[in-house]
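You will see chain A twice below: alongside chain B first, and alongside chain C after that.
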Partner chain A sequence: MNDAVAVTDALLRVRDLRVEFGGRAVLREVSFDLFAGETLGLVGESGSGKSTLARAVLRLLRASRGSVAWRGRDLLACDSRTLRALRRDLQIVFQDPLASLDPRMTIGETIAEPLRIFELALDEPARAGRVAGMLERVGLAAAMAGRYPHEFSGGQCQRVGIARAMILSPALLICDEPVSSLDASIQGQIVNLLRDLQADNNTAMLFISHNLAVVRHLSHRILVMYSGRLVEMAPRDALFDRPIHPYTRALLAAVPSPWAPQPQPAATAVPASLPSATGCSYRERCRYAAAICAATEPPLEEVVPGHFAACHRARELMT
Partner chain B sequence: MSALLGDAARRLRSNPAALCAMFFILGMVVLTLLGPWLNPNGSDSLDWLHVASRPALQSAHWFGTDRLGRDLFARTLEGTRVSLAVGLVASAVSLIVGIGYGAAAGYIGGRTDHAMMRIIEILSGLPLIFFVIFLTVIFGRNEYLLFLSIGAVGWLTMARIVRGQTLSIRHREFIEAAVASGAGTARIICRHVIPNVIGPVVVYATLTVPQIIMLESFLSFLGLGIQEPHASLGTLIAEGAGEMEAAPWMLLVPGGFLAVLLLSLNVFGDGLRDALDAEER
Partner chain C sequence: MEPLLNIEDLSVDYTHGGMEIPAVRQVSLAVAARESVGIVGESGSGKTQVFMAAMGLLAANAAVRGRVRFEGGDILGVGAESLNRVRGSKLTMVFQDPMTSLTPHLTIGTQLAEVLVCHAGRSWREARNAARHMLDRVRVPEPERRMSQYPHELSGGLRQRVMIGMSLLCEPLLVIADEPTTALDVTVQAHIIDLLGTMRRELGMALVLISHDLGVVAGLTDRILVMYAGRIVESAGAAELFQQARHPYTAELLKCIPSLTGPRQQRMPTLLGQPPRPGDPDEGCAFAPRCARAAPRCRTVRPPLEDAGGSAHRVACHFPLPS
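Moving on to the complex of A and B:
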């Protein structure tokens, strides 16, 4: 990515982030910026590295290269004491609502835990008051604080997870597919809750999903990931109206629409083999693949101001 | 945690078998403590007029006497007290040390885990008997040494079990969520790991009490543990087994006490596990 476009007051600045599992790179040279109050959508198919990116940014797993600058301080390089202090501002909501809650803790204790860690001056009644207020804010009754996670539905557990993440009013909230394990009717409620909380606290948000409708509803800008790389990055409307990368186009075409009664045939089948080491990793599925695509991997370039794509034929495809 | 314990107590109260076992255990503890006041006979006083006499409620010796004329009721109560004390103290020592050590090794992982487990392997390679003999030679013989040496061996297995349980939960998402919330290692181990591994561990602990009671009687038999005129259930049973044909009550009385004690401990342990398992109701 071209550094010249990066505005200096980015809250989170990720550069060349690379994660390897057993020598195989699952995240390759990912770079992006996130600004205060902004919602960044991250879409991509299963296994494209979305959750890995979320965990690597928060150093819940080890990146092998790259940097994650939070307000100018590199999270990947700082010592664990500093990192723990910084976690106050960096919170995450997980995909599986029940698994992310300690089964031995009442939900009240779970929500109170960040307060116990970071607001040591708070006494017991004040803490209980904050927890009760937060429970009501996420749409649960304050009297539920004494219950255990298994007594709740998935949607309610996710509200608890959101309450835990938001109780310290963090500056950054990462949502790792927070609604994909929930019923469609509950998804809307949770998404609206997240949007309201974000608006109240001016929280920056990295929202990961494979549900394009949800991402479109929430995001200011959208990142598209394929096979561990960012292939397109654009403001929301530009991405939905004028997608550049063939993968983004296939992704948008796959969304069922009332105005397109004929289901779109999949552009190409998913290749049986792993992506080859050289060249563009999407070329085996790409209907526009040319000779150059097999030779070198296309860099993420600014095709139109503010609109980045990693495709050799981006400019041809624009026309 | 306090809410967790309150819930567990409520569930335990609604389990009749576990409640029954708990009252048996408590009853035995009370009986062993009150024994000297209930019974005019001392545990080491000899009654030459009633040597190896049968149990009879109308005589002074309710459970009969052994072949030196000592009252079997008094001796059994003393034996139960000693066995229970050894079992409980040594189990508590192994529980506390084992949980702390095992949870730390399992959660921290990597090289620390490797080093900590090698230490356990080296320690468990030392033969218990030599260990006890060395201690006896250096410090002389006393009961505290017995507690110490049995506890020192018991925690090794406990630590292995806790480590295994910890490994099975350390990659669960709620641990990751706690890390992301900013919790430190000590906090995660104490508030998330230990409460989640405690169920199987408590059951194992109630099973170690009988094991330790057996081990104690074995050491006493070798002359390294409880010695005459004091008694433990193990020594009484060993003694009674020798007189089995002539005076079966010498085996049956302490044997019955041991059987009831072990059964109660096992049933209580089971009930405790069910009560602590909030998910499997």
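Moving on to the complex of A and C:
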């Protein structure tokens, strides 16, 4: 990513995005920009709102407030016809590679479907040619087009899901835990493939994962979510080398490695059942919580240039 | 002296659509009292199948051969009645998904107490007291209130604490934990690893930890067995394995683990190809098609699991990496 890109060049500008389910906010005032060619990593624990954010951005579920500007047009405000046209540029890869493919369609039909919807001028042989090319691009043999999803391994199914998402050369690809169900030896193949395809088209990528090491490998900038809010946002190295928010620190400390096998559970208390209504939602697990943390919710502030954190004690913690 | 759990020459085959599909091939392993052993391998490597077979928990279309002894007595193929004298009490299991392994329509208290009523012949009243005490011991907050709650009212981490508590109620000699933290968030995982380690020290039981996550296994076990395509390919002390893997598969697998620190590589290291699929010809070394060190012999002659020097380091490879 080129740091000199002006803010107005953002492909995707999300502002104050809020999602409520049954009156309860599960996503609260999330704002960020995403640039062409950039990979934004999104981390956080289950239930923190990562997938909700992805779906709200694509309008696969209704946001109750906020805006999602795609090249300057608000996806949340446009009519369904416009949305449908714009979606050609907005694609998603899901976590479960087998469940996200239609078992009754051959993988060739699955990959051709976006072409059938968006490239009406294409005749059957031309479509088959595009599908064959895409299959080879994702590392599968073109001759496999006639096979069904159950004939493939998890890693191969994920390649099919990626081929379907990338066949229209979208400008934005959202990956929701694309490698979480894959074995370690296969994860790298998929991550490298995503990176190659991104380079082909300068695709912007929102990469959701609970695997921090994979996120570190792939992302230019990282967003950390906790309880429906962004609590930290920083360039990759700043986040991994100098995390600010106590939650981010606990998250990094908890990852066990074969060479440093002592994760530190002491860094976080056992989570309370539900975050309280006022103050910082992390405070009951936070070893640094002070009186102010119970009184007001800390805003997401730029603590050092380019590095944002939502913590009352951010500046103290850095020293 | 005979080890606590002794598995000899265990094979598991499934019959499916008229085909014999091998899942485990001639696996022998032993777990001593108080020992902690890690079993690692990718999905389909057979790591779970070995212990499901030992516990008599496989489906009816699984054919199990070999010998499994626990505390000196045969437990393979002895029938549910004799098996239940040890299973669930002296020999227990913790599964990956704490939601599906708890019964949804019974309260936590009833499910825990039932273990002691069935296996230890306690009265319900005594059993409920012991259950409450155990919840406290595995650090479930507000044990009294949890006793009357249902599994869906608990978070994944708490459910896994309940499962671990349940596995410990009868003071087992061996707990088999199959991917106990895989469904959990990393911060919760750290707590569960810590809990398993603490309980093992306090109760002095042996532990078998099955996981695809080498980091999780590293923190909890003394010795690690690596499985590939239904066989054990390497076995060594935990520290030695991570410092000096001898089998090319183990070494490659370790390289595939991306790091949170240090320089980033441009591309993530990968293992080329796919593990063999069930039904593929079983000749030579199963890893040979993906192995950079493979020679023609590797494709035809299967390497046995042999001493590789060092302290109890064993490897099944014709051309192991130098130590």
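Simple rule for what comes next: the second predicted complex is superposed on the first by the 303 of 319 C-alpha atoms of A that agree within 3 Å, B and C clash if a C-alpha of one lies under 4 Å from a C-alpha of the other, contacts with A are read in each partner's own complex, and residues count from 1 in each chain.
One rule holds in what follows: contacts are C-beta pairs under 8 Å (C-beta built on N, C-alpha and C of every residue); 3 or more make two chains touch, one makes a residue touch a chain.
Note that the structure is predicted; figures quoted are calculated from it, not measured.
Participant: Is A:S46 touching the first partner chain B, the second partner chain C, both, or neither of them?
Facilitator: second
Participant: Mind telling me which of the two, chain B or chain C, contacts the most residues of chain A?
Facilitator: Looking at chain B versus chain C, the one contacting more residues of chain A is C.
Participant: Once the structures are superposed on A, label A:L101 by its partner contacts, choosing first (chain B), second (chain C), both or neither.
Facilitator: First partner only, chain B.
Participant: Report for A:G146: first if it touches chain B alone, second if chain C alone, otherwise both or neither.
Facilitator: first
Participant: After lining up the shared chain so the two structures overlap, which partner does A:P305 touch, if you call chain B first and chain C second: first, second, both or neither?
Facilitator: Neither chain B nor chain C is touched by A:P305.
Participant: Of the two partner chains, chain B (first) and chain C (second), which one does A:G155 touch, if any: first, second, both, or neither?
Facilitator: Touch status of A:G155: second partner only.
Participant: Thinking of the overlay built on chain A, is A:R87 touched by chain B (first), by chain C (second), by both, or by neither?
Facilitator: first
Participant: Touching A:V255 in the superposition: chain B (first), chain C (second), both, neither?
Facilitator: Second partner only, chain C.
Participant: Would you mind writing out the residues of chain B in touch with chain A in their complex?
Facilitator: Residue positions touching the partner: 3-4, 172-174, 176-184, 187, 191-192, 195-196, 278-279.
Participant: What residues on chain C touch chain A, complex-wise?
Facilitator: Against chain A, chain C makes touches at 42-43, 139, 141, 155-157, 185-191, 193-194, 212-219, 238, 242, 252-254, 256-261, 264-265, 267-271, 274-275, 277.
Participant: Enumerate the contact residues on chain A facing chain C in the complex.
Facilitator: The contact residues of chain A facing chain C are 45-46, 153-156, 183-189, 191-192, 195, 210, 212-214, 216-217, 240, 250-259, 261-265, 267-268, 270-271, 273.
Participant: Sort out for me which residues of chain A touch chain B in the complex.
Facilitator: 55, 58, 60, 84-85, 87-88, 90-92, 94, 96, 99-106, 109, 113-114, 117-118, 146, 148, 150, 161, 164
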